[in-house]
Each structure stands twice: as structure tokens, then as C-alpha cells.
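Multiple structures are listed underneath, in C-alpha cells.
Each of the two complexes below includes chain A, the first together with chain B, the second together with chain C.
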Partner chain A sequence: MHLVVCAKQIPDPETPPAAFRIDSAKNEVIPAQGIAPVLSPYDAQAAEAALRIKEQSGDGKVTVISLGKESAQAAIKQVLAMGADEGVLLSADEFQGGDSYTTAHALAAAVKKLGDVDAVFCGRQAADWDMGQVGVGIAEELGWPSAIIAKDVKADGGSFVVQRVLADGFETVKMAGPAVITVSNELGDPRYPKLQQIMQAARKTVTTWTPGDLGLQPGEIGAAGARLKLEKLFQPPAGGDVQIMEGDTPADQAKALARALRDAKII
Partner chain B sequence: MAQDILVVGELAEGALTPTSAELLGLATRLADGGKTNLVLLGSGATGQAAQAFAAGADRVLASDDAAYDQYRSDHWLAAVEATLDQASSAVVLIAQSMVGRDLGPRLAFRRGSAVATDCLRVEQTPEGLRATRSAYGGNAQATYSFNTSPAVVTVRAKSQDPIAPRAGASGETVALPNAGAARTEIVGREAAVSEGLQIQDAPIVVSGGRGLGAPEGFRVVEELAAAFGSDKAAVGSSRAACDLGWYPPSQQVGLTGKVVSPDLYVAVAISGASQHMAGCSGSKTIVAINRDREANIFKAARFGIVGDYKAVVPELIKAIKELL
Partner chain C sequence: MVGGWWSPAVGLSGIGLVAALEVERTDAGREIFFNVQQPWAVYVFMATLVGLLVYGFGRHAGLWLLGKPTPGLRLHPRHRVRNAMRLGLGQEKLRRDPYAGVMHWCIFSSIVVLTFVTAQVALDADLSIHFLQGNYYLFFSFYGDLFGVIGLIGVGMALNRRYFDSYRRLRWDERLEDHLVLWGLALILLSGFAVEALRIGATELAEHESWARWSFASYGIAKLVEVFEFRDGQLLGAHTWAWWTHVVIAFGWLGLVVFTKLDHLFFAPANAYLLRTDAPGRLTTIENIEEREIFGVGQVQDFTWKQLFELDACVRCGRCTSVCPANLAGQPLSPMHLIQDLKAHLANVGPELQRVGHAGGDQRAVATVAMVGEVIKDETLWACRTCGACVQECPVMIEHVPTIVDMRRYLVMDEARVPATAQAALENMEVRGHPWRGTALTRDSWMEGLEDVPMFDGSQEYLYWVGCSGALVERNLPITRSVFKLLREAGASFGVLGQEETCNGDPARRLGNEYLYQILAQQLVETFKAKNVQRVITNCPHCFNTFKNEYPQFDGRFEVFHHTEFLARALGEGRLRPQHRVDSSVTYHDSCYLGRLNDVYDAPRQILEFLPGAAVQEMARSRSRGLCCGAGGGNMWQEEVGERRVNHVRAEEAVGTGAESVVSNCPFCIQMFEDGIPAIQPEEEGRMRAFDIAELLDQAVFGRNGSGAGGGESVR
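And then the complex of A and B:
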């Protein structure tokens, strides 16, 4: 069984709001000083889901693919350290400035090139832009079925049984492979690689594929192929001035708050 | 500029959802004299046409086939594509719900176009459609334009106003075909809903976070909610508390949880991470109880108490009971 994990490197989503800055001329986030980029958290969970199936099936293989700059090697290595077998980086200047469509299109082309893939695992959304569409996009590009926001995935013969998180409960879906599955945090914590695995992963070579390797034309990818155009990236204004309740004891503070809520006709 | 808009509505227990009415309100504003088409799928769809016309729809394209009751991409995508073939629309609006998260990108990619997901504002400008959404966990907002058509937009619940109901409004109804084949099979369903008032509907939401220190902390939070009135207040939680297993995921507020916009939101021992605020920043008044004066939640709050919740909340329960 051949499983693919799509892994994106992003600025650390736990960056404190005070350290979050935007370059409004370039419509880009300014990397926060001293805070290294990370593997998007849901992608670690996607890897965890794929690795569980690999273990369950006994003879599985996991390939991790990332589209990004050279630095995205670190995200690939992290998934290799978790237990993935091979890594592929899609990297070239022509990929720059793309949107969810061009990303899905390129990742789908890479999956096609691998050839024998049974399932693709993505995060429910990349925790930088929070778009949540590349997984479904890959499925649409490949003509495969998909199940999104999974909390549990099991292989059952050639099919996948996916427990999905809904707004008011859970749903179990069965679909024949090949298929795309996007994974949510409800899956549980991803495994933490051992030092030895990290060292082994560091020595592994990551294959780089360019648009040419994937048979992609310049107009299909990057800024030239994008269908969505970012006009403006900005920081929303912060909220109002807080009134801190004074009082010598918790009881005084609590009474002051109750009175303030009453005076403002909120209760 | 007049343009036709397609809204993908949703039904809950056979009734048009409030979010669908919000989308129809937005569609009416964007249509600017053009037609607002509504697709409605599932048991009771046709019967909701009058409500849909009152909420702003000009034309309702519906199928009552029960196969649509539980969303499946293949079924819904075929129906919405059939609708677009009959009622060509420049803009497609879908809720950022469990339907929209899948259907939005599926439809956009199928039609060779793009989707902007989880949008907060959608405007028609002289330069074209502009959709603004939150990004970077709520730390930023991003405004997009579309190079392709139709522009598919999934819209965050409660971000749009419905129109004042148009009493007696009528319109055209078109029958859509029954559902065909689907590649996914739903083999099980399990409800995980809290009893009574739901957090999305409650005028007061009291939420607890990791700072409660233990699951028992939620008993105090529940007591505080009860003091406001069990018919008024519901209990939510941060993701950290849900991930720790202290409270059910169905009660999670935030970017990846529920979006609430109550009159009063009380955050107890919650730091106010951007991803949490994404789910509650639409609240009219935010109150924070936190022992750290520097916590981010105080930047969004109107009233705050700096202190240990274990000491403060029981006193607050007393004070509120005295007042109410």
C-alpha cells in the first residue's frame, strides 16, 4: 500500500500575536525573529494517520511531498523522522506566487508521477492561510473521492473507512481507494520521533522535482496559473479598551463586574 | 452592476437554516438588481420555498430527494452543477459549514475557477468582487479578487445580515433531479450534541480554558452559566481544554470549532489566542477572567478581572444571583 502525505512548511502558528507583523508593500508576513518555521500541525496529524495505516497493513510505504522553498526540506525530514519512507520536494521559481489551485495541481501531478498511490493524506487546512482546500482540490484534479476532517482512518481491503468530525457529531464514511483524506486534530497527538530516527532522516536524500519533471507548463503553476489574486494582507484593528475591575478582594471585583454588566444593560 | 448570484442553502430538520438566510441577504446586496437563485436539497426542500422567497430568493431550485439529507460530495456537486447550467451565476455563495468546506473547493475546481473560504466580508467594487477572510489564525485578514468565474465564496456564519423578511414574496420554483450515484457511502452517524441551548444560539456563552487546571474546573464554569440562566447561557471551551479531554469537542469555540456571537461572552482562564478569538470576536461584549494581566484576551475584552478563577468565579456567581 502506497500512501502519500502532503506536508507544508509554515510560520509557527503559535507565534505570539505581538510578534506577528505584515509587510504591507509585499502583502507578506514578516518572519518573526528567532521563531523557526514549522510543519503545519495538521500535516503532522495527516502523517500520523498514514503511518498508522502503514503499520496496520504491514507492507505499506509512505511518501511525503512538499511544495515550497529549499527550507521546506525541514518539514519533509520531520515526517521522514516520524517514519515516512521517501521525501519529494517540489521546488522551482516558477512555483512561486501560486494559489490553492496551482498547489493542488502540482501536488496532483506529483501523485500521478508516483503512479501507484492508494491514498493521499492532507491536513484539514494549512495553519498559515487557513484555506482548507488543497486536499479536496487534489481529489478533484485526480478524479478521486475524498473525505475531509477525519479523526480516524482505517484501511479495509482496497477501501478506506474514515470517521469524520461534523458540527454536531461524527460520521463514518467508506470509499474505495484511491482516495484523498484530510485530517483534523481530533485524530490525536502525532508521534514524536526518537533521536535515532531524526538522525536517520537527516541522512536521507530528498528528491527534488521541477515543473519540467512533472510535465507542467509555466502557465499552469505559480503566479501565472493562479485563479485567486491576493489584493491586500493586513492586520485587523485590535479590540477596545478593557476596563479592569478594581477591588481588594475577589468578592469586590466580582460585585463590581456584576454591577458593570447590569449598568451596561447586558444582564 | 446587476449580476445573478447562486446561493447553496442548507436545511436543518427540514427548515431553511439561519445561515442560509444570511447568505440570501448577502446575495440580494451583491445581485444589485440581478437574480438570486437558491438551490435547496433534501427532505422538505420544496416546502421551504416560501421562506426562501421571504428571505430574498427570486428562484428556488430544489429537490426533495432524501438522499441529499446527508451531504455527499458527488450528490451535491452534481445538483449544484445542474443548477449552474440552468441559472448561470457569476458568484456562488455557500456557508462555511461541513457542506461548504467540501463543496466550495470541489465546485470551484470542477468549474475551472477558484474559491475563497471562510469569508467575513464580500463586496462588489468598481474593480470587481472582493472577498475578505481571516488568515494566520485570525492574526491577519486577506482580501482577494478572482481571475476566473464563477467566483465561489464560502461565508462564515453570522458574518452577514439577513434582509427584513419580505412578507408574501413569491418567485419561481424549479425541480432538480434526484441524486445519482456516489462514491462515498455513509456507514454510521453518531450525535455528540450538548443538551438544551446550543452555544451558537445562546445569548450568553461562558467558556473555560486550560487555565482551569482540571476537568472539574468546568463545573464552576457551568455553575456560572446557570447563574445567568440556563435558558440564556451555554458553556463553551477552548481547544486546549477539548484536546485535554476536559470538555467535548462539540463545545469548542474558535477557528476550528464553532463560531459564536452572543451578547455576552465570558472567557474563564483562556489566554485569547488568535485562533480562539476567531470564534468569538463577533460577540457584543467580552468579559475575561484571567490571572495574567498580559493575557491577549484582555485586548479584546470590554471588562476584565485579573485574578484566580477559583476565587473569583464563585464570588461572581453569588453577585449575579443577588442581582438577577
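And then the complex of A and C:
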């Protein structure tokens, strides 16, 4: 069984607020100094789901694909250390500046190139933009069924049994492979790699594919192919306006509050 | 020292010697195998015993040799000999429990001296150099009896403790052999007196009563026996019986040395010789970690032979467990049982491992129970605080901490079985260079409101190392600021690294991820060297221990001070002048990594003495007996399993002093107290407060509102 994990490297979501800066002129996040980018946490969970199935089936193979800059090698190595077998990096200037659509398009092309894939695992969303589009986008491109926001995935012959998290409960679906599954944090903590695996991962070479390798035209990918335009990126000014409700008793204060809220047309 | 122990014995013997020389030259003496037929049987016993010892120790040695070579044993031979004398023969650690100290000294010295007495008898008989004559014979009779009595006193104390005292630790793992050994010893001594008394009754009493008096105890018994007016024949018959009983029991007892805890007779001094000679707070480095296949200790043969050897030295006294913070809190760790379980496991799987080893087979494939996971449970290994209390107390110098950490290394690096919260801390160190997952602070946050914080550029004398906890945990920022202000006030030439600080790796090493530790440590050593750091002042005893004791392993040699050391000196030299009263009763908590593991007990107490109006109230467990706050050994980042939490136990002790505040020197201790005290004192009114000693000194120097010369932020 051949499983693919899509992994994205993102700015550290735990960057302290004081260190998070935006260049509003360029509509870009300024990389925080001394804070290295990380593997999106949901993608680590996607890797965990794939690895559990690999272990369950006994003879699976897991390939991790990332679209990003050269630095995304680190994200790939991390999944390799967890137990993935091979890594592919989609990296070229033409890929830069894309949106969910172009990313899904490029990743789907990579899955097609791999050929014999039984399932693609993505995080439910990347923890930077939180769009949650790429997984379903890949399914659309490939014409495969998809199940999103999974908390448990099992392989059953050629099918996958997926437990999904809904707003008010869980749902179990079974779908025939090949399929796309996006994984949520309810799946549980991703494994801690053994040192032996970390060292093996460090020695593995990651294959790099360019648009040419995937047969993609420059207009289909990156900024050129993007259908989403970022209008404005800004940090809401921090701070607040505090008004203390006067009153001798809590009841008086409550009345004053109610009046103030009505004046402000909130109630 | 050894002398301290021996002085009473030497003194008493000396008096005897002088007295013996004072009497006229005499022809006193006796026939050795008096009244005993077939004395050759003794030599058969002797040969059997020697055979047994050789066989028994040979078997032990075979098991030890399953272990790996022990690095560093050739270093510091003089230090090692001194340890063997002080800690082995001198039994320094035993005295930490005074009752046991006296008891053990009585038994030990009696066995040594009486063995010497017996050896002289044998020499006199066999080599036909008859030196047991004249004045020396009288003296010999005297000290033989003296140490017999001393031995009986010791045995009496031991019997009392084993059977009548409410003393618990001896019963945590009591076995048949414990009773055998004790009663055997009692019988040897009593039968010894019987032999001597009967001999005296049958011979000397009638002929040379003045000689007999030298054997004062036996003489007394003989006089008692005399009352019954036995015939000589009866006395002689009884003597023969008593003699053989004595001999048989004595040899039997010596035979027990091979099979029981009595082997500590040899193993304890040997283990004192093998004891590490470097800092107790240092963990071993895994050399060439990249080239190894197994990183920690997962099976017995992964231990060093010294680690296997010391398992055999354990006497199940329970001292280690009785001081273990995890055990006190009802958590699943007892260092004594850990050592005993490993010992039993070694005996269990050792022979098969030896066989496979000799046959050149694969020892790892020998199917046995998993040592790490089954024999020693994961939660047992995680509960250890690496506080060193067990090592400190162990009378036979067993080092539990390296053994526990070696197995943790296996859990983390080989098996990747890590509690989730500890895993988060490790991953955070790897990814973000600090263990504080989710902190909203940056390494500059503490500088807000302080003017002109100097960056270290190599021109200053000291690097002030703030550390991850000092910079990234809200509660600790005031401590960091206080230290900063005090350093400045004291006129120190120093700078900080700010954003360039990264974790020095200590939590990773304690949690068992030696690989991550080495990466972080090597990086930081490089940074320090590049910046020309020579002297470091740290906020945190863990950073202190790491820089001071562990970085030399990576060729990083710096002069390292904990802030309490620096501040105590500045106070002593008058460079800091506490003028404001802090009126408060305080109790002082020794952090393990500053106190027990680095021997800094006095500097913080000196600072307290300088605080106007502060009354210090010590806790019952303090200084080298201080109890861990619960955070050590990476437990800051773990969920505790067990009846209680260690910080609740310690907070209770602190609250029990009645002091208004508990003062420490470590950001982790402060956090543990802040967290533990409310559990003991749910009412906010009058609740004990926890401070770093620098915060109090800050109040004393600058006043409560920080109005002194240093200015800046007020202390909360």
C-alpha cells in the first residue's frame, strides 16, 4: 500500500505576539528573527494517521511531499524521522506566490507522477492561513473521493474507514480507495521519533521536482495561476477602551451597564 | 574520618596495653588447641570456606563482566583510595543515622578485631611462633573480650531495631537472611564467651586467677559458673561442645558472606573505591553518539560492569527510599526496590547471557522479559527527580541516578516512549530552543522598563545568563530583574545575551535525550567561545550545574557562579548595602542542584543574614538532607502519577515552619511552591509566599518600591 502525506512548513504558530510582524506594504509576514519555521501540526497528525495504517498493513510505503522553499526539507525530514520512507520536495521559483488552488493542482500532479498511490493524507488545514482547501482540492483534481477532519482512519481491504469529527458528534464513513483524507488533532499526538530513525532520516536524500518534472505549465501554478488575490494584510491594533460602571450596589452597576449597552445599540 | 571511628576502640585498647605492660613480666600463656581433639577439622572448614568464597565471588564476577567497560576508573587513584578509607572503612555515610552508625561500628569493629584475634591464635598454633605469651597474652585476652562485648552491644542494638523499634525501612524488603545473619552473629559471640569462660573455669581460675582477670567478661562468667561447682570433667566436656559449636557457627556464618547481603563486607569498600570522583551533578556523556546502535541501557549487558557490581553491594537498608521525594509522595519509585529488582533480573538472565556470549551468539536476541518496561516500569523511571538524595544516603555508595538516567535514555532515544508533556518539552527545545511550550514571552520581555541593559560583547567580566525559565516564565521575570538590578548596583561588569540565548540542554539530558542535549550544548559552547565568555553568573541552579560540571565534557571551561554566590560575596565586600527592613520570617529551601549536587549551602544563608529584620526558620529537612521541590529531572514537564504531588509534600513542610515566606534560589522551586502552597493553604489570607532570595535582597537594598539607586521596576 502506497500512502502519501502532504506536509507544509509554516511560520511557527507559537511565535510570541511581540515577535510577530507584518509588512503591510508587501502584504507579507516578516519572518520572526530567530524563530524557525515548523511543520504544520495537523500535517504531523496526517503523517501519524498514514504511519498507523502502514504499520497495520505490514507492508506499506509512505511518501511525504511538500511544496515550499528549500527550507521545507526540514519538514520532510521530520516526517521521514517519524517513519516515512521517501520524501519529495516541489520547489522552484514558479511555485511561489500561489494559493490553495495552485497548491492542490501541483500536489495532485505529483501524486499522479508517483502513480500507484492508494491514499493521500493532509492536515485538516495548515496552521498559518487555516484555509482547509488543499486536501479537497487534490481530491477534486484527481477525481477521488475524500473525507475531511478525520479522527481515526483504518484500511479495510481496498477501502478506508474514516471516523469524522462533526460539529455535534462523530460520523463513520467507508470509501473505496484511492482517496484523500484530511486529519484533525483529535487523532492524537504524533509519535516521537526514535533516534535511530532521526539519523536514518538525516542520511536520506529528498527528491526535488520542478514544474517541468510534473509537466506543469508556468501559467498553472504559483502567482501566475492563483485565483485568490490578497487585498490587505494587517495586524489589528492591540488595546481596548475600558469604561468602569459606577454604582453603589452591584444592582446599580448592572443597570448602568444595561443602559450603556442599549445606548451603544448592542442590546 | 576513619580516625573518628576508631578512636574509642584504639583508646580502650591502649589502656589495656599500658596496663598489661605495667604488670611484671609474666610467663602467662596457654595451649592453643587446649582440650580439643581433631583440630584439623578446622582446616577442612577453612578450605571449604575458601572454596566457597572463590566459587561464589567467581559467579558474581562472571555476571559483572557481562557489563561494558567502565570509563574513568583509572583516574584519580588517590582520591579513590581516600574514598575507600573514609566511606568504606570509615563508614562515613552510616553516621547520617547516628543509631545505625554506632550499631554498625560496634559490629564491624568487633568482627574485624575478633577475626584478628582468631588469626593470631591460628598463627600461634600453626607456625609455632608462640607469641601469645607474657604481657602480650594478657593484653590479647583483654581486647579479645573487650571487642566481644562491643560486638554484643552492637548486636543488641540491631536486634532492638529489627524487632522492637517502630523503624520501618528495614521491613520494606525483609528476608530470612536478615534474621539468620543477626542471630548467627549473636550466637558466635555468645558461644565465644562460653568457650573462653569454660576454659578459664577449667584451668586458669584455679591456677592463675590474676591472668584470668584480663579476660574480664569471660572471667565474670567463669566466676558465675564456679558457683555451681561442676567437676572438671564436666567443664571440659562442655568446653569441647561450646568450642565446636562456636567454630561451626562461625564458619557457617562466614559462608553466608557469599549468599547474603553480608557480601557488603567486601563490596562496600570496593564500591567506595569505584565511586565516581567527579561532580555528582554530572551525567556521563555518550561518546560518538552518531555511530551507536543502542543509545541507552535497555538490557543488563548495556550497563557498565561497575553499575552491575554495585547492585550486589546493596544491603536493603532502605535509606535511599526513605529520603526519595517520589517515594515520600507515594509515587511509583523506590530506589531500593529498583536496585533489588535489577539485581534479581541480573541473576535471572545473567547465566543465559553468559552462555550465549561465550558461544559468540547475539546477546540481544536472548529472549527475556524486557528490563525496561517490565522489570523496571516506565513510570518508575519517569518519577525520578535526579535529586541525588538516594545517592547521598546510600551507605554502600550506590549511584542510582546514572543508572536511572541510562534507562531513560533507552526509553527516549531507542524506544521513543515518552510521556506526552515531556515530549512536548523535548520537541519544543528541538524546534524553538527552549522547553516552555506556548510561552507568550520573548527573551527580551524581562528587560521592559529597565534602562540600558548591556549586551555581552566580550569586553565585560561576566556574562549574566538569564536562562529559559528566567526569561520565558511570567513568574520568574521579577527574579531576573532583581538579579540584574543587584548586579548593576554591586558594580559588576557584565552583559546579557538576550535573543541569542538558547537552551543549554539540561532538561533534554535529564529527560534522557542525550542526542538533543549534545547538539544544544555544543552549539552553546561554540557561542560562548566565539563571544569570549570567561565567567558566567546564572539565575538557575540547573544552568549553573550544566555550565560548571557538564560543559567541560564538551571542552567548554568557564568559571561559573550562581547568583547567590556572587551576591553573598558582594554583600561581604560591602558592595551591596541592604538598608530597608524586610521584616519577615522566612524558611530557606535548598534546591538540589545548588545544594546537594554542588555543595552550595552557605552562600544563600549568608545573604539571609544580611537582610535586616528577616528571621530564618530552618525546615527539618535542610542542607544535604533537603527535599526536592518535585521539579527536578524534567518533572517540571510531566504529569505526576501517584498519591500526592511532591511539591505538596514540600510545601507542607515549608508551611509547617510557620514562616511567612519560603525562599529559594531556583526558578523551578519557586514555581513548584507557588503551585503547591495554595493546595496546603487554601485560604488566601495569610498564605505563605515564595520568593527567590534575590527578590528579598532587592527589597532590602532598594526598598519595596525599588526606589534605591538601581531604580527600574518595582518588586511585586
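Just so it is clear, the second predicted complex is superposed on the first by the 239 of 267 C-alpha atoms of A that agree within 3 Å, B and C clash if a C-alpha of one lies under 4 Å from a C-alpha of the other, contacts with A are read in each partner's own complex, and residues count from 1 in each chain.
Everything below uses one rule, namely that contacts are C-beta pairs under 8 Å (C-beta built on N, C-alpha and C of every residue); 3 or more make two chains touch, one makes a residue touch a chain.
This is a predicted model, so every value here is computed, not measured.
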| item | value |
| --- | --- |
| Which of chain B and chain C A:Pro17 touches, first, second, both or neither | both |
| Which superposed partner A:Ile35 touches (first chain B, second chain C, both, neither) | second |
| Most chain A residues touched (candidates chain B, chain C) | B |
| Which of chain B and chain C A:Ser146 touches, first, second, both or neither | first |
| Touched partner set for A:Ile198, first chain B, second chain C, both or neither | second |
| Which of chain B and chain C A:Lys174 touches, first, second, both or neither | first |
| Partner chain(s) touched by A:Ala254 [first = chain B, second = chain C, both, neither] | first |
| Touching both chain B and chain C, residues of chain A | 14, 16-17 |
| Contact set on chain C toward chain A in their complex | 290, 293, 295, 412-416, 418, 420, 423, 426-427, 431-433, 437-442, 444-445, 499-500, 515 |
| Touching residues on chain A, where the partner in the complex is chain B | 11, 13-17, 20, 22, 29, 99-101, 104, 124-125, 127-133, 136-137, 139-141, 145-149, 161, 165-176, 184-186, 226-236, 238-240, 242-245, 249-251, 253-255, 257-262, 264, 266-267 |
| Of all residues in chain A, those that touch chain C in their complex | 12, 14, 16-19, 33-36, 38, 189, 191-196, 198-199 |
| Interface residues, chain B side, partner chain A - complex | 70, 73-74, 97-98, 101-102, 104-106, 108-110, 112-118, 130, 133-137, 139-148, 183-193, 204, 228, 239, 243, 249-250, 255-256, 258, 263-264, 273-275, 281, 284-288, 293, 296, 298-308, 311-312, 315-316, 318-320, 322-324 |
